[in-house]
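Chain nomenclature is as follows: A, B, C and D, assigned in order of appearance, with residue numbering initiated at 1 for each chain independently.
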Amino acid sequence: MSKEGVVEIRVRYADTDQMGVVYYANYFVWLEVARGEFFRIKGIQYKDLETEKGISLPVIEAFCKYKSPARYDDVVMIKTRACAVKNTGLRFDYELIDKKSSQLLATAYTTHVFIDKERHPVRIPDEIKALF
Amino acid sequence: MSKEGVVEIRVRYADTDQMGVVYYANYFVWLEVARGEFFRIKGIQYKDLETEKGISLPVIEAFCKYKSPARYDDVVMIKTRACAVKNTGLRFDYELIDKKSSQLLATAYTTHVFIDKERHPVRIPDEIKALF
Amino acid sequence: MSKEGVVEIRVRYADTDQMGVVYYANYFVWLEVARGEFFRIKGIQYKDLETEKGISLPVIEAFCKYKSPARYDDVVMIKTRACAVKNTGLRFDYELIDKKSSQLLATAYTTHVFIDKERHPVRIPDEIKALF
Amino acid sequence: MSKEGVVEIRVRYADTDQMGVVYYANYFVWLEVARGEFFRIKGIQYKDLETEKGISLPVIEAFCKYKSPARYDDVVMIKTRACAVKNTGLRFDYELIDKKSSQLLATAYTTHVFIDKERHPVRIPDEIKALF
């Protein structure tokens, strides 16, 4: 099974700042949407992990390299790949691309660990592991 | 005891949008800060209500009238008054003022009900009621 | 031509707060998305108004009545109607509905005036006026 | 002159997510506040750079390593250091510490270039250079 997902996000007015471009922290919100869609495409609802299994996937590290600014009303395409990290974590790599111009806007990654409700690390759930 | 509280908030770059002024939804975040400080000034930590008593105070209605835009790095003074509404709710009224120019930026109100962890309405806690 | 628009928004993790539901200020961001789509459906790009005509449509008043909480991963349907207010303004009325259950989550309105780059009120642009 | 700045930020309800801790993207908003205060302590208003000189300092890279979660109403202390990068850029390094427990919550860095209104890189302004 492919380890890639793609999602499109239209830039909201709320995303912009007075420089006339998207405020840098908001890219990380988009990455969260991209991760959620990555799971959805694979048939997994991240929500169910939390509500049914009591397992969450908080971010341990987040990085973004900004190459070209995104602007209001642009459609940003996010390509997401994921790989397992040891037995308890995941790493996502992202490419953010302007849909209209195909220009690369940013690259990013996030690393995560699975934790239970007491915030203790747990092994990667089997249905997630099966994706890799 | 006075039913007023005052808090000062410096406008963040993140608060602005491409119009060069504060994005309208962000005023409501400031109102939350103002409510929290209103309680703190009276000796009540809103956090303790939630963690110790399992009681929350969600917003039922929110309104803001925007008169003059706030800009990056401005200091906004928020004057907050509160009154009880029946036995289960509160209403807060706010004035947002530019500290430097004393200009009125906005007026706003929010109404709230106290609820328990099952989201059922509960009576106003005694220590809150004592404020009015 | 119909004066209604509909848009669907999936709740992001970023939208939630520690009460486990969507934070109240974030509804107003959704209303902005709904307004943008309202215009798009009518063949108008709000972005073009700003960049080509130098006209903006800031919010003068915003109100939301919260009836039932939205939660992570829910799809919220927003029905938007608009009407002209005098010669310089618009009013939008919104219904926010949970797509799955058809439950009414919130009702809201926002009022706006058209302004030029010096923030002076201007008459409603003809292509907008033609919508009503 | 010291190259360090310290700022304190109280966690807002809006900062939290349904995991009961601060949402990861919001740390980057705090870093912006820390940078602004870093300049202010040195006698420079970042706002004046933009409005008087037409110079901005967008983020080129942003990284955060999350060690321990911040929670609602916590006071987060951010220690900020900065250094010049070549002739056109700055790098900020941050330590985020829980004020009450002195626990390290996160470390982070951001890199920036100075640009003019056409988004072309420009040399570090003299009054900034004098800080290093």
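In the analysis below, contacts are C-beta pairs under 8 Å (C-beta built on N, C-alpha and C of every residue); 3 or more make two chains touch, one makes a residue touch a chain.
None of these values were measured; they are calculated from a predicted model.
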(message) Please identify which of B-D, A-D or C-D repeats the interface of B-C; the criterion is that more than half of the contact pairs agree.
(response) A-D
(request) Considering only mean CA positions as chain centres, point out the chain farthest from chain C. (result) D
(message) Can you compute the centre-to-centre distance for chain A and chain B, using the mean CA position of each chain? Integer Å is fine.
(response) 32
(request) Round to the nearest whole Å and give the separation of the Cα centres of chain A and chain C. (result) 27
(message) For chain A versus chain D, what separation do you get between their C-alpha means, in angstrom?
(response) 23
(request) Return the residues of chain B touching two or more other chains; collapse runs of consecutive numbers into ranges. (result) 13-14, 18-19, 21, 25, 29, 32, 72
(request) Spell out the part of chain C that touches chain D in their complex, as residue ranges. (result) 13-14, 16-21, 23, 25, 72
(request) Could you pull out which chain B residues touch chain C in their complex? (result) 18-19, 21, 24-26, 28-29, 32, 50, 56, 58-66, 69, 119
(message) Under the stated contact criterion, what part of chain B meets chain D in this complex?
(response) 10, 12-14, 29, 32-33, 36, 45-47, 72-73
